[in-house]
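What follows is a pair of complexes built around subunit A, which joins subunit B in one and subunit C in the other.
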Partner chain A sequence: MRRSTLTSLLVLCLVTAAPAWAQPSPGELTVVLSSLSTEALDPILAGHIVKFYLSLMFDYLVGATPDGQLSRDGGVATRWEASADGKRWTFHLRRGVRFHTGDELTAEDVKFSILRALGPRSTTGYAQGLRQLVKEIETPAPDRVVIVTKDTTAMIPTLLSRLLSTEGMILPKQYVEAKGDDGFARAPVGSGPYRFVEQVSGSHVRLEAVPSHWRLGTPKYKTVVFKAVPEETTRIAMLRRGEADVVEISRERMKEVAGAGYPVHLRREDGQIEGWFVQPWAQTPIRDKRVREALNLAIDRKELAETVFGGQASPAAVPFGLSWSFPEIKFKITPEMVYAHDPGRAKRLLADAGYANGFPIDIFAFQLPGFPEGRAMAEAIAGYWQHVGLKPRLIPVDYPAFRKQWFDRTAPGALGYYNIANRDWIGTYALIDKYAAPSAKSASIRDPELDSLMDAVIHQADREKTYALMRSIFNRLRSEHLGLPLVYYHTPYATSKRVPRWNPGAIMYELNVDELLAGK
Partner chain B sequence: MAERRRARRPPLLPLAIIVAFVAVAVLAGVASPADPYAQHLRSRLAPPIWSAGGSWQHPLGTDRLGRDLLSRLFYGARVSLAAGVVTVALAGAVGGGVGLVAGYLRGRTGALLMRVTDATLAFPIILLALVLAVTLGPSFANVVVAIAVILWARYARVIYGEVVALMERDFIAQARALGASPVRIIAFHLFPNTANTLVVLVSLQVGYVIVVEAALSFLGAGIPPPTPAWGSMIAEGRDYITSAWWVSLFPGLAILLVVLAFNLMGDWLRDVLDPRLGQF
Partner chain C sequence: MRRFLAVRLVQSLATLLLLSLAVFILARATGDPLSLILPMAATEEDYANARRYLGLDRPLPEQYVSFLVRAARGDFGTSLRARRPVNELLRERFPNSLKLAGFAMALSLLVAFPLGVAAAARKGTLVDTAAKTVAALGQALPTFFVGIVLIEVVAGRLQWLPAGGTGGLAHYVLPGVTLGWFVLAGLMRLLRSSVLEVLDADYVRTARAKGATERAVVWRHALRNALIPVVTFAGVSFAILVTTAVVVETVFAWPGMGRLAYEAISGRDFPVIQAVVLVTGAVVAAVNLAVDLLYVWIDPRIRYG
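And then the complex of A and B:
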């Protein structure tokens, strides 16, 4: 055979062989993110930030629709009702739901799961609030659970739903007791449409579909893999090579990816970039309301949104004012609430407060999953503050290092920030409680009037009065400048060409992967 | 003879690059077209002058915060030069001193000093710098300390070898016979005879230190932002490499040129100052 023929054959083999290794299996859906966060497999171990894969392994007591409403179709409870005094909540359970072990899910499993989520080992987002509310849990029948609360409250269904954290995920009591907490955390079992197969720390989590499930029918994909790939260029390369189906991309590179022909899906107002000042404030300039206002006025939020966030964000106005909470409580951001970019007034306020020559202020600079602009934004804020005469000091760290200093309160007055997932008003209330409750490690706000408003909400049974209190909370946060609201951001995800349509939904820390997997 | 003269002629291009590098570093405040810290977010990622959309306002373009890249390169040269000079001076003084003392004393003390030297050589600079950055926070001083704490051992090892050979020479025996003190012998007889080696080492190590400082800044363990440092400038541009290549390319090119120039100068100095080459 001639050399040219051999060469041609070799090239042909290589060309035809390439897609075979590059393409994922047709029965596999690969989701590639910048981080898998805590990589927890046990819902009570900071599971709320890894809901995106845990919610495929577990069912919730109360389900939710992709647009963020409670749903009787998506959870283990098919209906629920409160007693007249609002202190007894009865949940009626779906029959025939089975764990991956084959055992049937009963009221005892629900009781066990909630009590475990409220236990001392739990680090989930809303455990503290539930501990204050729940008095006891009764199981009058295998398909009925009654949650008795200490006070009248309307929050129980939401707190145990897919809308918020993982306290509502149902675990198999017998299995957990047999394996122990550590055994369960290594080999978790739930009742969701996918069962756990393997986890390689820092790399991926692999799940496998159960044959048929009440939530999704027979799933379209036999396996789902969640991969962590920190480098964005690598993630996009994986999409181009056909090794990924859903890829987290930055706002800046949306146009480039869409231009290459890949569908880009936005989660609108996915969250708020919120800055806060580490406690205690007593010995720092931050204790002065005028200083806090000046720090807000120095920042050009419109410019930040249009440049650092690539136009995929809009200015935020209220500290911790998550926008998905506004419609239900009828709160509106008025034009005067939006911070103007006014360096002149910022300088005057600083001078009035006795800081005409500025003061040193530490800014921790870090990136977070879903927030690749973190360091650039911190540097931009430093630039704005320098412009009004402050002496900012940037401290590049990883988020856990900042979190330690924040919780240990060893950096008083320093700026931290987070991309806080958007949520409804109950979720927002619980979030503010995390930042405002004096006993909370994460406390970053100190305001007695806010404390009394927060306390009033939890004891208020009348819905309209509760909404009015929530509006007062937002007004107080804004008028006292108790934080640094920066922008509402949209989060883009690119998908492979075999996933042309997808609604990433509006549930916090979720991607509505259910829609891509549903077979019914 | 003509060939020897040609070999002793200084390499002009590397010399020019080094002179330009030093001049830019020293005169950064005057030579920079803009304030390297002034951010203009609306002008972020502007391309260099010769690309479509480029302008004379920012001849090499801007970075992710709209800061002038040329000005940041100039100020970054200041950081690299300072890191190179301070670190090498510190490491040279300590390492040269240890090498001289160990070579003069030999015996148990000399052996002990050399074992410490060997142990130091085995320790990775990057790891030490990361530890320092985590515990004390990234800063210029920590970068200098992290590199110097390891680098001195290289000087100690080479100078020790030289001194051991010198100690067998007649002039040292004569100095001893005349009652010269150890300090005098080290300062006035051994040190001048190892100075050439030290100069060659210093010239070769400046480039190495610049690369290590850039690597540390790239990893976030070096010079903290917003101070311009070539390594951190490369890191900042990494995410834009396909859309705004200039953010990473120019600092990378600067490191390449300066390090290459220092290495070529070091090679030339070695050729010129090594007495063994002069015998041919």
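And then the complex of A and C:
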């Protein structure tokens, strides 16, 4: 009896384990990432960190092309224009767009969604900026929305587009009001090409295609599953076993996976590793421009890129200079801008500033999602700085502990860093604002000239003049050495052999999964 | 017996109360969760709004009493990170942990009993050496190492079993073996030494003198009397497997309580941390009580009350 029970168990295991059964169904695309972040399903609770799956469930007011340009084909608005004074933005809506409930998407839904994204419950990344800009929203017709701003601005379409966060996602007003905020957050409904089916926290989010959608036609895959698998060995084994179609891999194991015959796709310059000094640094050596330059010159960025980042990174030159913003504003990094690795000059600059014998400097060492090299990089920086006579002290912490000290300003002059996702120029402007605006807890730069340039951008409606101001901002950040630009890193993804071609795109926190799903 | 049960229940409640106070204070000492929830550009006003919205602006004693009253009703509040009711998260994660721990425990008991008893009955033989080697490896090899090797070889190269995630019975094998091996090692060593000790006892010699077969001596007379420490160890191990299998759950992408605890601690998610610790405490108390009751069944000489 016992033996028969054991045999049955064994047979059951083998039957359920048969490799053929492990293949995802032909109609299912499985994307396996190290984390699904907060796993939130309500756009206003999630922000950009989960837009890679939310953007399949919801449509944006303004669409974007995979290479990061605003698009009239990818959003609910087919065209938009500003009034002469740049204070009234009119969006013309696509007709016939329906939510998964069957209700038609109208201007009222757009107004409701934007106001909700600006409300007190919202924790999205650009809500604060929009609150400062938006005065009111008018709905003169079911297919027309007018956003009235308090001041002249050119930023509204981008702020409500797929290029940035989730403020531009359109929700069904009636459904949200009927279900309440909590009900909606558990069973979200949008108008995107996939509808929400199931979420198991810590495990996966499952979506199912709507029969036909204006954005993707009839999608190639009936279901899409986003899975959270923290351990890389497990993700790679899932790829080998055919349990996954797209997996996030590390820069370290890229060659091994490619060598095994799996296509590897790079999101080039996915982000910038940027270092900054915790405020207030007016009473620390960091206040001296020569010291900041010396700290930059001491670092061998090429070596960092080749060793710590396994060759999957390239040197960065401008503090907070996110490269996807450069083409539109016509900014170019000149050879003179690239920091040479010059320890001799760094020592001389330190001596000129009165620190010939160096000074103690704290470096917080932590890892971040998508940046497992964090601690190794901090150790390398400590080595470079020690080489020019400084006395660096490494403080191993987890990121939340560092963030508390940064926001509470209890570690003046200490070095912090982040893997900042690359983005377009408006996103970059908003990011610099977070580091420079005196009222922000995250403020890490104090430079009155930069403040005036930042202020001028937001009030400028003329596009060319705005671009010129942005170029001045980058030049100012570089010439004053207002940060520690380290490298642009590339992020690799491996795909199963049934997904040979894929462009992961150049949109912040997006993976361009649309390309894998598009059926038209 | 009723008095014993009542006393143990009161003791357990007092322990949980102390635990709730400790976790309430310690969780808040680790940092402000709002700095992780709110965007970087958030102003003091945004922080004040969020504090008010989440009830974090009230005095700490008031927050604690409110937490206790709600917890007594089985309501652990809303996760600050996922913005979902904590109960929902527990309902999703706890059964997964229970099932995996149950599988691992069953596996280790199935192997530990015959192996431990055989090792004791045939001390010094090849069987004993093999059993001791299995035990030494199980205790010496870290679970993350065992897990990764199994994934790499069994799932990745041989492609026999799923690498991670939940699903059918096949999904339980690799995490179950990884978790179970560690427990099996302890169980087997304990069983071997307990049986060896009992095999020298007078009543065992008497049984042998009366002509009982060696099988009957070992399995009927010796094993039952050797069970008390083994049951205690198994009970505590089961409670630990259910609630704190962080490493195995992470390596095998198993959405259980251990990973929930890790995610909550990383995100300074107070309500979830509090709930996980209290549930863990309750599981440990319940298992300890169950073990005490099992003693009576194993050894009828034991009386409570």
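Structure notes:
In this section, the second predicted complex is superposed on the first by the 501 of 520 C-alpha atoms of A that agree within 3 Å, B and C clash if a C-alpha of one lies under 4 Å from a C-alpha of the other, contacts with A are read in each partner's own complex, and residues count from 1 in each chain.
The definition used in the following text is that a contact is a pair of C-beta atoms (placed from the backbone, for glycine too) under 8 Å apart; a residue touches a chain by one contact, two chains touch by 3 or more.
The shown structure was predicted, so the numbers you read here are calculated from the model rather than taken from an experiment.
Because the two structures share subunit A, they can be overlaid on it, and in that overlay subunit B and subunit C fit beside each other without clashing. In the superposed model, A:A127 makes contact with subunit C only, not with subunit B. With both complexes placed on chain A, subunit A has more residues touched by C than by the other of subunit B and subunit C.
Touch criterion met: A:G202 reaches subunit C, while subunit B stays clear of it. After overlaying the two complexes on the shared chain, residue contacts for A:T166 are found with neither subunit B nor subunit C.
When the shared chain is aligned, subunit C comes close enough to touch A:R186, but subunit B does not.
In the overlay built on the shared chain, the residue A:Q460 is in contact with neither subunit B nor subunit C. Of the two partner chains placed around the shared chain by superposition, neither subunit B nor subunit C is touched by A:S496.
In the superposition on chain A, no contact is made by A:T30 with either subunit B or subunit C. After overlaying the two complexes on the shared chain, residue contacts for A:T233 are found with subunit B and with subunit C alike.
In the superposition on chain A, contact of A:A40 is made with subunit C only, not with subunit B. This overlay, made by fitting chain A, leaves subunit B and subunit C with a least C-alpha separation of 6 Å.
Subunit A uses residues 233, 401 to touch subunit B in one structure and subunit C in the other. Within the complex, the subunit A residues that touch subunit B are 232-233, 250, 252-253, 256, 300, 303-304, 306-308, 365, 372, 375-376, 379-380, 382-383, 386, 394-396, 401. The residues of subunit B lying in touch with subunit A in their complex are 37-39, 41-42, 44, 64-66, 134, 137-138, 220, 224-226, 238-243.
For subunit C in complex with subunit A, the touching residues are 30-32, 35-44, 46-47, 49-50, 53, 81-85, 88-89, 92-93, 148, 151-152, 155-157, 159-171, 173, 250-253, 255-256, 259-260, 263, 266-268. On subunit A, the positions that touch subunit C within their shared complex are 9, 12-14, 16-17, 19, 22, 38-40, 42, 45, 47, 120-121, 123-129, 182, 185-186, 200-204, 227-231, 233-234, 236-238, 240-241, 243, 398, 400-401, 403-404, 407, 430, 433-434, 437, 439-442.
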